[in-house]
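Take a look at the structures listed below.
Shared chain: subunit A. Partners: subunit B in the first complex, subunit C in the second.
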Partner chain A sequence: MTAKIPPLDIPRRPRGRWKPWAALGVIALITAITMSPQWGVAFAFDAIARNWQNGAEKVLQLLQPDWAFWPRTIAPLLETLQMAVIATAVGAAVSLPFSLWAATLTNPDRVSRGIVRTALNVVRSVPDLLYASVLVAMVGVGALPGIIALVLFNVGIIVKLVSEAIESNDAGPLEAGRAAGGSQLQVNRAVALPDVWPSFINQTLYVFELNVRASTVLGLVGAGGLGLLIDAVRTYYRYDQLSLIILEILVIVVVIDVVSSAIRKRLV
Partner chain B sequence: MSVIAPSPPAVTAPPKPRNRILTVSAVVVTAVVLASFWSVDVTWSRLIDLPAEVARYLWLMFSNPTWEKLPEALAQTWKSVAMAWVGTVLGIIVATPLSFLASRGFGPAPVRWALRGVFSVIRAVPEIIIAIVILSVTGLTPLTGALALAINGVGTLGKWGYESIEGVPNGPIEAARAAGGSTAQVLRWGVWPSATPEFLSFWLYRFEINVRSSAVLGLIGVGGIGDMLTSYTQYREWSTVGMLLIVVVVVTMSIDAVSAAIRRRITEGARAR
Partner chain C sequence: MTLHSQKSAEVGTTVPASAPWAIRMRDVTVRYPNGVVALDGITLDIEAGEMVSVVGLSGSGKSSMIRTINGLVPITSGSLTVGDVALEATSGRRLRALRGEIGMIFQGFNLAGRTSVLNNVLVGRLAHSSLWRTLLGAYTEADRQIAFEALERVGILAKAWDRASSLSGGQQQRVAIARALSQQPRLVLADEPVASLDPPTAHAVMRDLRRINEELGITVMTNLHLVDLARTYGTRMIGLRAGTVVYDGPAATATDADFERIYGRSIEAEDVLGA
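Right, the complex of A and B next:
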C-alpha cells in the first residue's frame, strides 16, 4: 500500500481578479465608440484603397529628396533656430522668479502660490500651435508671434519642473537661513537659488530641445521659420522638397538632443 | 608714546573658485543669444504697444464669449478626444510588442538597434508633419489625425516601454527562466507583472499628450476643435475664439486631472482609509 500524500493546500485565489477585466472591458467599449463611424473616427478603408496609388506616388517622392532645394531652406532654418534660442532665453529668464514663487519652500504664502500655480496650469493646457495661430491674428505674420507662443509654452513647463525640483530639495538650509534672520527674499536669493541652479539649467536645455522641435512647425500657422516653407511646399504637393525639409529637421533635432543630453548628463 | 596693540593679522579670504569651462560656456551662450536677438527679423519696437494690443484682444475674446456655439464646440472637442483615444490605442497595440523586441535580453542586437533608431527618428518628427505626409493616402479626415498620433506614439511609447522593461528586477525573470519558461512565458510571468504599473501609467500620459496634439492637428484641417479654432480666428470672430479657448482649457485640464488621479492610484496603490 502506498503512503497517503497529504492533500496539497492551495491558497485561495486572491479576490478582485475581475477588476482588470472590467477595466479592459471599459477600454474596449470606449475604443469601439470612438471608432464607430457615426460617433467618432471613421475608418474609411474604401477611400484609402482608392487613394493608395496616389499615396504610393507621394511616398516615392518622399524617398527622393530634392537636393537642389537646399539653398532656399537655409534662411527659414536659421529663423527657426533664432526663434528657439530667443524663446528659450526669454522663457528661462521669466521662469526663474515664477519657479521660486510656485514652490512651497520658497513661498510659504498659500494664496499667491495658488494663484501662480493655477495661472500656469491654464497656460500649460493650451498647445503652442494654438497660441501661435491666435497670436498671428493679433500681431501679424512673422517670427514675433512664434517667439511669444514658445515663451508661453516654456514658462509653463520650466516653472512646473523647477518648482517640483525645489520641493524635493532639503528644507534644512532654508531653515538655517531663516534662523540666521534672513527675510524670505534673502533666503531665496542666498540659499534656494544656488540649490536650484543645476535643475534650472537642466530644464532650460530640455525646453530648448522642445523649442527646436516646435519652432519647425510654428510657421504652418504663419509664425515664421521652416513651417512657412512646409506650408508652401505642401500646397504644391512637392513631397520631394518636403522630404528634404523633414531630413533637415531630423538632423537638427537629433544633433541638438545629443549635445544637450550630453551636457545634462554632466550637470547631474 | 602709547603702545599700540598689535593689529590682528589681515584675514585673507581664499580665492573664489573659478571654473573656466563654466565661464567660457556662459560667454558663448550669451553671445549666441545676443546674436539671435540682433539678427532675427523682428521689429522689436512692436513690442511697445504689444501689452495694450493683447489686453484689447483679451477683452474682445473673454468679455462676452459666444456661448451659443458651445454645442458645436463640444461636438468638435469630442471628435478631437476620439482622435486622441484611437491614436493612443493604435499606438499601444503597435508599440508594446516592438518595445519587447527593442529591450536588452529579449530582442537580438541588430533588431534592437534598428528599432531604437526608428523610435528616435519618429520622435524627432513633429506629429503635424507626419499628418501632412499620410494625408495624401487618408485624406483630410479625423482618421489621418488618429494615425499620425499613433505613429508618433510608437516613437515615445516604444522608448518608454523598453526602458521600463530593462528596469524590471532580474529575479522574477531568472526564476521564470529557471522553471523552464519559454521567452513568451518569461515575458508574461517574469516581466509583465512588474512592468504593468509603469506601462499603464505612461499609456495614460501618452493619452494626455495626444489630447493636446489632437487639438493642434485640427490646424491642417483634419477636423476637431483645432479646425474650428483656426476658422474662427481667420474670420476674426474673437468672442467665439475666446469661448473655444475656454473649452480647450477646461477639457484638457479635466482630462489631465482624471488621468493623473488614475495614474497615482496605479503607481501608489490604494490609500488606507
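Right, the complex of A and C next:
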C-alpha cells in the first residue's frame, strides 16, 4: 500500500545568487560616500531644527491663500495654458513623421534612421529650463522662447516613446503593403499609421500634462506664463499669494488628468 | 468615360485589366545572408492562367520561392522572368510597379487591425495611386469602386466599414484576398493561406482562390502543406524538398507515394485537413 517515492532528482541550485546583494552593497556604499562630510555634499539636518521658526511661519502663510489676488493670476494662467496647447500641437505635428523615421519597422534605412535617432538623443538630453534660458537670450523675454523650449522638449519625448511603440507592432501588415507595390512612405501612411495612432495620441496627452506643469516654471527664466508671476510674488515673500497660484495649478493639473484619462479609456 | 464607369459599377463585372502572367525560372538560387540555401537551382515554367499548388514541408523553400517571385527576397543567381519583366534586373520604382500587378496572400492575413476593412482593401491600390492621394487618404472614386467590387467578390461587402480586427480569421483572410484582387493582378501568390483556419473555413477560402483562377483567369500559385487540399484545389502540383523540385505533375492524380517522396517520410494524419 505504501508506495515508495523514488529519491527526487533536484537540479543543482544555480550559482550567482550573491549578485543582487553585491549590487545592493555598492548602492549603499555610494549613498554613504555622497552623504559623508569628507567627500560628499555639504549639508546637515540640524538646519531644519535651527530654521524651524522661519519655516513654520512660511507654512502658516501658505495655509492662508490670498483669495483677493486671483484676478491678477488669470492672464498669466491663461498664457501658461495657451503656451502648453500651442507647444503640444506643434510638437505633436513635428513628432509624427520623425517617429516613423526613427523606427526600424517604418524606416529600414540604417543611415537616415541613425541620424534622426542621434539628433533626438541630443535634443532630449537638454532640460527644458535650459532651453528656455538660452532661448530667452536669443529671442527675448516672453511666451515665444517658452513655446519653442516646450516644442523641443515634446519632440524628444514623443518621438522616443512612439517610435518604441512602432517597433513592437506587427511587421506583417507592412510587408503586405510592400508586396502590393507601395513605397515605404505610402505603406507607412496607409498601413503603419492606423496602428500608431493610439500610442501617438496617448503620448501627446502625456506631454500636454507635462507642458502645463513645465510652462508654470519656465517663466522663472523669463519665458512667459505663470512663472513670471511666481517669480515676482516669491521675490516679495508673498507666500499667501504663492499658495493661491499653487492651488490654481493643482486644480488645472487634476482637471487635465481626469479629462485625459477619460480620453485614454476610449482609445483602444 | 461615364458609360464605362457605369458599367463597372455593376457588381461582378470586373475583369482583370490585362492578361495573366506566366513565370519562367531558370536555375534560380537564393542564398540568405546567414548562408542558408533556400532555393537550389530551380528551373520551372508556370503558364499564364494556371492554378498551381506548391507542396513541401516547412523549410523546403516554398515560402522563399513565392517571396522571390515578387522580389521580397532577392535572387542570388539565375534568372526569373515574371510576365515580361526580368526580376534580377529590376529594382526601385520598376520593382514596385511589378509588385503592383502581383497580389499576395499571407498565412497571418497581415491586415492593419485598427483601421476599416475598406482601408485595408485600398492598400491594394497603392501602386496605382499618387503619393499625395495616399498621404491624404483621398483615394479616387474609381479606386473605391474597385475595392467594393473586390469585397463583393469574396462575399463580405457588408463588413466594409467594420474594423479589420473585429472580423473572424476566415473573414480576415477574405479581406486579404479582396486586397489582392483590388490590385487587378495578373498573378496571385498565396503563402499557406489556410494554415491558421479551421477546416470548413479553409475549404471556403480555397474555393475563393479557385474561383479567382477560373472566373478571372488570373494565374494563382498557392503554397500548401496538406495533401488533400493540394489534390483538390489546383490543376498542377509542384513538390519542393530542400530547395529543389522533386515533383511536377498533375495535382488530382498525385499518389501517396508521390507525397512521401516530397516529404521524405510517410503520410500521417496531420498531413490531411479533412472536410
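FYI, the second predicted complex is superposed on the first by the 246 of 268 C-alpha atoms of A that agree within 3 Å, B and C clash if a C-alpha of one lies under 4 Å from a C-alpha of the other, contacts with A are read in each partner's own complex, and residues count from 1 in each chain.
Everything below uses one rule, namely that a contact is a pair of C-beta atoms (placed from the backbone, for glycine too) under 8 Å apart; a residue touches a chain by one contact, two chains touch by 3 or more.
Keep in mind that what you see is a predicted model, and the values were worked out from it rather than measured.
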{"item": "Subunit B versus subunit C as contact partner of A:197, first or second or both or neither", "value": "second"}
{"item": "First, second, both or neither for A:127, with subunit B first and subunit C second", "value": "first"}
{"item": "First, second, both or neither for A:267, with subunit B first and subunit C second", "value": "neither"}
{"item": "Subunit A residues touched by each partner, larger count belonging to subunit B or subunit C", "value": "B"}
{"item": "First, second, both or neither for A:26, with subunit B first and subunit C second", "value": "neither"}
{"item": "First, second, both or neither for A:115, with subunit B first and subunit C second", "value": "neither"}
{"item": "First (subunit B), second (subunit C), both or neither touched by A:259", "value": "neither"}
{"item": "First, second, both or neither for A:181, with subunit B first and subunit C second", "value": "second"}
{"item": "Which of subunit B and subunit C A:147 touches, first, second, both or neither", "value": "first"}
{"item": "Complex contacts: residues of subunit B adjacent to subunit A", "value": "32-33, 36-37, 39-43, 46-47, 50, 53-54, 57, 78-79, 81-83, 85-86, 89, 120-121, 124-126, 128-129, 132-134, 136-139, 141-143, 145-146, 212-213, 215-216, 219-220, 226, 229-230, 233-234, 236, 241, 245, 248-249, 252-253, 256"}
{"item": "Residues of subunit A defined as touching subunit C within the complex", "value": "170, 172-173, 175-183, 185-187, 189-192, 194-195, 197-198"}
{"item": "Complex interface listing, subunit C residues touching subunit A", "value": "70, 72, 96-104, 106, 108-115, 119, 122-124, 126-127, 129, 131, 134-135, 137, 176, 179-180, 183"}
{"item": "Complex interface listing, subunit A residues touching subunit B", "value": "27, 30-31, 33-35, 39-44, 47-48, 51-52, 54-55, 58, 62, 78-79, 81-83, 85-86, 89, 121-122, 125-130, 133-134, 137-139, 142-144, 147, 213-214, 216-217, 220-221, 224, 230, 234, 237, 239, 242, 246, 249-250, 253-254, 257"}
